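Alright, structures below, take your time with them.
Two complexes, one shared chain (subunit A), two partners (subunit B, subunit C).
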Partner chain A sequence: MIVFAPIIIPLLFIILSLSVAKASKKVQQTVFLSGNIITIGVAISILTTVLKEGIIVAQAGAWEAPFGITIVADTFSAIMLTLTSITVAVVSLYSLAWRENNLNTPVFYALIFGLQMGMNGAFVAGDLFNMYVWFEVMLLSSFVLISYGSDKKQLKGTLKYVSMNLVSSFFFVAGIALLYGKTGTLNMADLAYRVREMGPELDIFAPSALILMGFAIKSAIFPFFFWLPDSYHTPPLPISALFSGTLTKVGVYSMIRFYALIHVPGDSFFTQMFLFIASTTMISGVLMATSQFEVRRLLSFHIVSQIGYMILGLGLFTKLALTGAIFYIIGHCIVKTNLFLLSGIAYKITGTFDLKKSGGLMKHKPFIAVLFFISAMALVGIPPLSGFFGKFMLLKAGVESQEFIHVASALFVSFLTLFSMVKIWNESYAKPIPEEIINQGFKFGKAPKQLIASSVLLVLITISLTVGSKFIIDTCATAADQLLNVDAYINAVLHI
Partner chain B sequence: MNTTLLQLAAKFIRSIMLVASVFILLRGHNAPGGGFIGGLLASAGIVIYTIAFYSLPLLSKTLRTIAPLRIVGLILALGSGILGLIFGESFLHAQWFKLNIPILGTIDLSTPLLFDIGVYLAVIGVMVMVILLLMEDRKWN
Partner chain C sequence: MELILAIVVAVLYTVGVYFLLRRSMVRIIFGVLFLGNATNLLIFMSSGLTPDAQPSFLNIGAEASKQGLADPLPQALILTAIVISFGIVAFLLTLLRKTHEVTGENDLDQLK
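== the complex of A and B ==
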């Protein structure tokens, strides 16, 4: 029953936060934060249950699979649930202290819970069409959130975001329709069973390609990434941080989940394609990032580049590679959110997102400089920080599978990532404020303590990923094992 | 739009559409219809009435009475799922109750009906709110 909780709790809190609309700000904020904390609690209890007892399955409405809607939580889903609920909670804490863009309203709280409900639903969906519906729930909330405040530049970004996501939803649902016509089922376990049962007789190449393309647009990989840097830097900063940390990961999650189900040994087309896409995504993202001077745009291009690493794990498709990819998703989600939050803090202090116009943060606020340094190094993958483990496992898996070109490009991209992190460091932290800005009467602003506290929380999580790396890598390995061992998944859902 | 013809018609149209919407809502279990379509019909009726008798006090009064419906609707829809969890085996598990009424005979009540009523109310709340707020914002009328 507990698998339903990640969906029911956010829905409950949507209702609660709308119904306390007339109450005082204190009550509203308490409801908001307690909702987030309860969701984390639920996610962690699911994770512990899954680790103890294996895959949890529940049937909505007590209709047996494959006829009803199945809700499944395996280790990978549970990891993603925990990860996103923690990220959402920290960003929520941050947004309460942001004090710009009119973020503290019941509608905003309800939208955040709506987003969370959609993501959680997509993580536990055991049925492709159900997953599509949860995607739509998530997208509807994100459409409103990304246009929240609606200034002109933002609406331009929103237009790109909305239209690209509608196109990707179209591919997704068209693929689902074709798949249903070919196999007669949309239950993921049943689908995997039939794919394995019928073997090469069943040709599901076209629907799979369509569905994977839908996911590819959503997770912003080459050549469909252009919408992401164009839209993610426009909304109010807490919303950008939330999106960049969590939303693209949902696309990657569904890609890994779906491909693991339909993967048949010896499938060289998709594997080669994923590897090719991984390298091109990594390289094109990072090359475009290096030329940016708007810090949010720069970080957005980095999201694209790092999605490439996750796809690399999918392309290699060995246990080690998937473990690395999942670990990389965890580390990246936390670190990338934190870099966005820190750029918001820097904005509060220097009053600009433009790297050329900012500076002097290391002298003025050394503590924030330390926070940035740790996060940036974790993103680059300097040992012993979190990015290192993910990259190391991916590279090792690449060497084992003898994909040397892709290993080389991953290493090359690491250097460029280091370069652009150093660029932010130099421009925003190390160099003094430019003369002409000082001449215009520049004064350092103040960042509320709560903003810094939420960033500290994320840095602590990054460090604890290193400290507890053995446990976390073991958990990721279990998740990878379950992804590769589809028979256990089929058995848990269908009892065959 | 203060034309007598529309005002005269709007009163009837609203009543007919509200009754028809309830009919469509109840019919939805086994035949085309249901909470969503019923809710759309009902909100169309309410909106046409507000257009015919447009005035700011009426607009804000309608908004005030309609807005809570979306919350009530969500509570009913979630509640029907929770009832399935409490009395049945699973979330959203349909529960049926027989109700004996002396003259009318037996009526089957169920949690799917409760869910549909929740959808109906939520759709009315959201649709009327969206249309009226747009009307107010665009100075339409």
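== the complex of A and C ==
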């Protein structure tokens, strides 16, 4: 029954955080943080249970699969649950000290829990339609969060975000409808069973393409990425950080999960397409990032580029490649969130997100410069930081499958990523504050300690990914194994 | 019957996409509504519309008794989808109203 907890606990805390709306700020914040900590605890206990006992399955209302709503947690889901709950908790801690944008309200707390409930639901859903419902729960919370505060630029970004995500949902549902008509089931294990049982006479190409397209728009891969950099830099910074760390990963997660289930050996259309998309996503994202001078926009384009690496793992579809992709998801989620948090701290100190107008941070705050340096190098993949392991495994898998063009483009993109990180470093940390800004009476601001503390937490997690890399890579390998071994998944859910 | 409904779905999708691509903000709502309804009809079609159609959830090779019963599952799915799109349209209406209030624009291209 523990697999229901990641859904029920955030739901309870939505109610709780709204019901203490009249209480003092202290009580509200305690409720907010304790909710986050309990969710982390639940996620970790699911992870340890899954690692010890294998896939956990629960049937809602005791309706047997494939008729009831099935909740399944395998290692991949458990990793994602743990990862997102930790990220959400750190960003929550950060947002409490973010004095602008009126973030410290019960409504904001409830929305964060709503977002978390939707994400957790999508991770443990064992049924495609159920997954769609959790997607909508997540999306509605994110719609409200991204328009939170509603200034002019933000509303414009929200319109793009909302309409693109709605279109992607329609693709998803249309795919579900056709898939049901073809196979007569929406339970993912039953679907995988029927796909394998009926063989090539069951043509589910059109529904799969529609569903994957829906996920592709949600995870912002080429050519559907344009909405992400247009909207992710507009909301208040803690919300941007949360979205960039977790939301696109949900799309990637669902893509990997769904493709692993419907994948039939010998199918080369989808894998070739994923490889092509991976390369184009990486390259187009990073090329557009290099020309940006607004730090949040620059980082948003980098999200697009790095989604490409995860899709590369999906395209290669070997055990090593999937292990690399999952490890990369973990490292990227932590590091990207931290880069956003640090850009917020830099904003507090220099008062701007524009790289041209900022500077002098290395002299003024060397400690923050160190934090940034570690995160940026982890993003680029300099050994021994976390990005390196993921990229190394992906590249090795690519060489093993003899996809040299895609390996080359991944390496090329790494160099350009390094270039952009060096650009942020030069403009914001190394160079002194520009003359004309000083002449306008510039003064360094102060960043509250709590902001820096949450960034330190994420840097510590990044370092611990290196220190504990053996354990984490082993866990990722178990997850990849379970993704490739569909029969075990089918057996766990349907007992066939 | 299937053919007629297929044409209806196609027309609804066309109209929805056409509305979404217009510059006026109010048209986004119409676009979303049309796309939503087209998708709901598509789910409805997946249950099979002829009287002796077999529910698709049967096991491979099995047959249900021909009592003229419809497959209940797609209808449950549609019900859920309708409720969700209701909530989304409500949010979208508020969002557009707020955008109009803040920017004073109804033209998406003028939003800078």
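To be clear about the criterion, the second predicted complex is superposed on the first by the 496 of 496 C-alpha atoms of A that agree within 3 Å, B and C clash if a C-alpha of one lies under 4 Å from a C-alpha of the other, contacts with A are read in each partner's own complex, and residues count from 1 in each chain.
Basically, a contact is a pair of C-beta atoms (placed from the backbone, for glycine too) under 8 Å apart; a residue touches a chain by one contact, two chains touch by 3 or more.
Keep in mind it's a predicted model, so treat the numbers as computed, not measured.
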Fit or clash - subunit C, subunit B, common subunit A: fit
Partner chain in contact with A:Thr185 - subunit B first, subunit C second, else both or neither: second
Which partner does A:Leu18 reach: the first (subunit B), the second (subunit C), both, or neither? first
In the overlaid three-chain picture, which partner chain does A:Ala453 touch, first (subunit B) or second (subunit C), both, or neither? neither
For A:Val399 in the superposed arrangement: first (subunit B), second (subunit C), both or neither? neither
A:Val467 in the overlay: touching subunit B, subunit C, both, or neither? Say first, second, both or neither. neither
Name the contact category of A:Val264: first (subunit B only), second (subunit C only), both, or neither. neither
Does the superposition put A:Ala58 against subunit B (first), subunit C (second), both, or neither? first
Scan A:Val422 for contacts with subunit B and subunit C and give back first, second, both or neither. neither
Looking at subunit A, which partner touches more of its residues: subunit C or subunit B? C
Look at the superposition and give the distance in whole angstrom between the closest pair of CA atoms, one from subunit B and one from subunit C. 8
Tell me, which parts of subunit A touch subunit B in their complex? 1, 4, 8, 11-12, 14-15, 18-19, 58-62
Applying the document's contact rule, which stretches of subunit B touch subunit A when the two form their complex? 70-71, 74-75, 78, 81-82, 84-85, 88-94
Given the complex, residues on subunit A that touch subunit C span 66-67, 129, 133, 136, 140, 143-144, 147, 150-152, 155-156, 158-159, 162-163, 166-167, 170, 173-174, 176-178, 180-185, 194, 197-198
In the complex, subunit C residues that touch subunit A: 20, 25, 28, 32, 35-36, 39, 42-43, 45-48, 55-58, 60, 73-74, 77, 80-81, 84, 87-88, 91-92, 95-96, 98-99, 102-103, 108, 111-112
